[in-house]
């Protein structure tokens, strides 16, 4: 009997390994090397010349000093924080509201829910160009609409005023992110057994109470993964900002991701660009660790 | 060493998959002697340019007895592609580069000087040679060039009884007078990219400003001009977000009476026949000054691929594509200006619309002529300063100091 | 509403009746609210279609409705982007299959094993999501060039899976962790090995999460531009995102063709998404829990 168990344990370990091996191998191959390379790059004087010669003098942390010392660093940090928080809060709140709304089956609900994914099918270059024309101060349809409703008197300088541009970029990012949040949260809601609500209703838990005592605890693993992925994805958003404002006007929408791109591919300072992207990765890591902590606590419970 | 690890890792794991993969792979160096095929990389990915360039390339290829394998990529991704190719030693045999990038790429050691192949570079516009010269050697030639000018809507100016402006004061007065309801007098690009810097150069250079001394009063004066235009409402506040294509759209939609733009917009303007336009040189500060505009255009280069025979053939291809005959043909089709200055007369006779631009090219300056690899930094300071001033974050006087703080 | 989940339908009967009672209330109001919200969300897309029907390709002088539609852009897109569209579909579907096959077993195991190493693994997966795509693309180009994977569909599927695999692992794991261990254990008592229990019990129960994750694997791959650009050097294998760039020149762009291509290429994809979403069942685990 003990022998059989041991044999079974050994086989189980083998199965575990077989389940994990393909993914593990893939991660090492497709991510391991690039990460190492990015870290090395950030500690080298990596220029366009390096690509041809392979020679890049070791400079230690000098690139990080350059990145941290630049006058744009503090504003970029602040913008990154505002941009990420604003986008995530907006996407998640609207996403959860819509997911709950779609959970009540109604005619066409499945179709409408699918259509929500449409923004994801468009290349970002196309949607940001469209948004740029919608948000145009003089001829944009949004200002025309708001004016016809009498909400505003003067056109809003969505993308042309440094004090509004970040908000406009956040709005577009929320628009892009809603489908992701709705779909995953909806999937999570669907997994919550109907019986729980029925039992809850018997105990008088309906509406908000049901949400708080039944939906939220059951949805938590999905919520935490949606949020952590949302933060990671939002931190590195680049195309939307480049497409809408290019970091302008007057650097009002500079984020760490934009800095990283511009240092590498506009100023050809690949070492500094890599330093910026590693700082970004470090910030994401903080969120990842928080996620794992929460995760462990959830498992312990 | 990095490279070795990379390759080992990749080979070990991807090998089984490679068996199922079809085709592809790097170009194999042919046996010495005969050259059968040359690879070409450029950014003319859009029609009609793609076809025009293809025609010119094909003609030269058949003269040289080679076949071409051409790849076109989107403009903003070209440099990235070039760098990938250099790190894996798969550079194309013939490489097109935007002229301000030539020195940057030449500095990598990835290009070969044309003098190695005995290519004659005399008679070309000095600005273009400056752009393509690194450490005293010419690395590429351009068949045609472009620059900026002032387009104006003939009907709108006639209705307002205005002559096309020649000086800054006239420009301000005309723009103010032409501004009505939902129409601005002037449109230009002050976007936070090199396009914004490029559009500022005609004003800055004509006024005697220089990229080596951006904090000078001359530069500040030029910035004050465009700041005044926006502040007075003669130009839209949206210029800080407009690319040159947006500027063209505004002009073509009749929402701007004049615009600063380049001759590459001419074919698309022709699609809106309701707009009748003409172009003049960019106005100068005071009458009598010579307008100095930046020189645009793409340069064809010969990368170091290691295959001497192919490099020699590639140099022949560059020579062929920049021959007089090809220059004129491409210039006519693409509304660009031949870079061999002697061809200007013939060209203007054939394409009178291009007279102002052809004049402008003869005095045009290259962006990287003075600063070389340092140009990107200066250009970044320029568009940042412009944005600071136009969004009222700084006065034109202090904008460049603020922007160059890094 | 008689959407009957596949698992243990008999046990679900009470909830079905409960729901149909609720369904008696008029739900068309919900539909109206849903349509209204969708209209707001999709307005930019309408505006894009409007632009695509303008001869100028922009809406500067456009009315709210394209009264004088110009189909030139569409004609161009249909003529030139058909093959690219098929390429995109093949690559995206390939990415879905490959990603799910690699990620689902790992997701399950990562949810089952209790070990501090799991957190290391999860952290690694999260880090992989933080790496800028361009860094990966640069590294892959060199490797692909050596292996002859450039300009190949398998090469692009493998590369596009970098967007999807870490994501699928995390999402599917979050869902699978909620599967009550008792269900799987019951099967194990009956003599099934882990692998069999996984295939016959875990996967069917996780259908919702697999479809959700698969949808995004499809979307990630569909919208990829970076790998398409980096890992192809000819026009033989060209996804439609890259095909769109045929109309986006360095100096001049044909926006009506760009937008027409975006619109046309969305149609087959949205059909697939609608079909896939149909298979997300309500309360799938519900019946099996008791």
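Order of writing sets the labels: A, B and C. Residues in every chain begin at 1.
Everything below uses one rule, namely that a contact is a pair of C-beta atoms (placed from the backbone, for glycine too) under 8 Å apart; a residue touches a chain by one contact, two chains touch by 3 or more.
Here the structure is a predicted model, which means the values were calculated and not measured.
Asker: So which chain is the furthest away from subunit C, centre to centre on CA atoms?
Answerer: B
Asker: Can you identify the chain nearest the overall CA centroid, using each chain's own CA centroid?
Answerer: Answer by centroid distance: A.
Asker: Just how far, in Å, is the C-alpha centre of subunit C from the one of subunit A?
Answerer: 16
Asker: Return the distance between the CA-based centres of subunit B and subunit C, expressed in whole Å.
Answerer: Taking the average C-alpha coordinate of subunit B and of subunit C, the gap between them is 39 Å.
Asker: For subunit A and subunit B, let me know how many angstrom lie between their CA-based centres, rounded off.
Answerer: 35
Asker: At which residue positions does subunit B touch at least two other chains?
Answerer: Only 3, 6, 9-10, 14, 80, 83-84, 87, 255 qualify.
Asker: Two or more other chains touching the same residue: where does that happen in subunit C?
Answerer: 58, 60, 134, 138-139, 158, 248
Asker: Mind pulling the subunit A residues that touch 2 or more other chains?
Answerer: 33, 37, 139
Asker: In the complex, go through subunit A and note every residue touching subunit C.
Answerer: 11-12, 15-16, 18-20, 22-24, 26-27, 30-31, 33-35, 37-38, 98, 101-102, 104-127, 129-131, 133-134, 139, 141, 175, 178, 180, 183-184, 186-188, 190-195, 198, 218, 221-222, 224-225, 228-229, 232-233, 235-236, 238, 257, 260, 264, 274, 277, 280-281, 284-285, 288-289, 291-292, 295-296, 299
Asker: Under the stated contact criterion, what part of subunit A meets subunit B in this complex?
Answerer: Touching subunit B: residues 25, 28-29, 32-33, 37, 40, 47-49, 51-54, 70-72, 132, 136-139, 157, 159-162, 245-252, 262, 265-268 of subunit A.
Asker: What part of subunit C is in contact with subunit B in the complex they form?
Answerer: 55-56, 58, 60-61, 134, 137-139, 141-155, 158, 229-230, 233-234, 236, 245-254
Asker: What residues of subunit B sit close enough to touch subunit C in their complex?
Answerer: 3, 6-7, 9-11, 14-15, 17-18, 20-26, 43-47, 49-50, 69, 71, 73-77, 80-81, 83-84, 87-88, 90, 98, 244-245, 249-250, 252-255, 262, 264-265, 267-268, 271-272
Asker: How about subunit B: which of its residues touch subunit A in the complex?
Answerer: Interface residues on subunit B, with respect to subunit A: 2-3, 5-6, 9-10, 13-14, 79-80, 83-84, 86-87, 104-105, 107-110, 182, 191-194, 236-238, 240-241, 255, 376-377, 380, 383-384, 387-388, 390-391, 393, 405-406.
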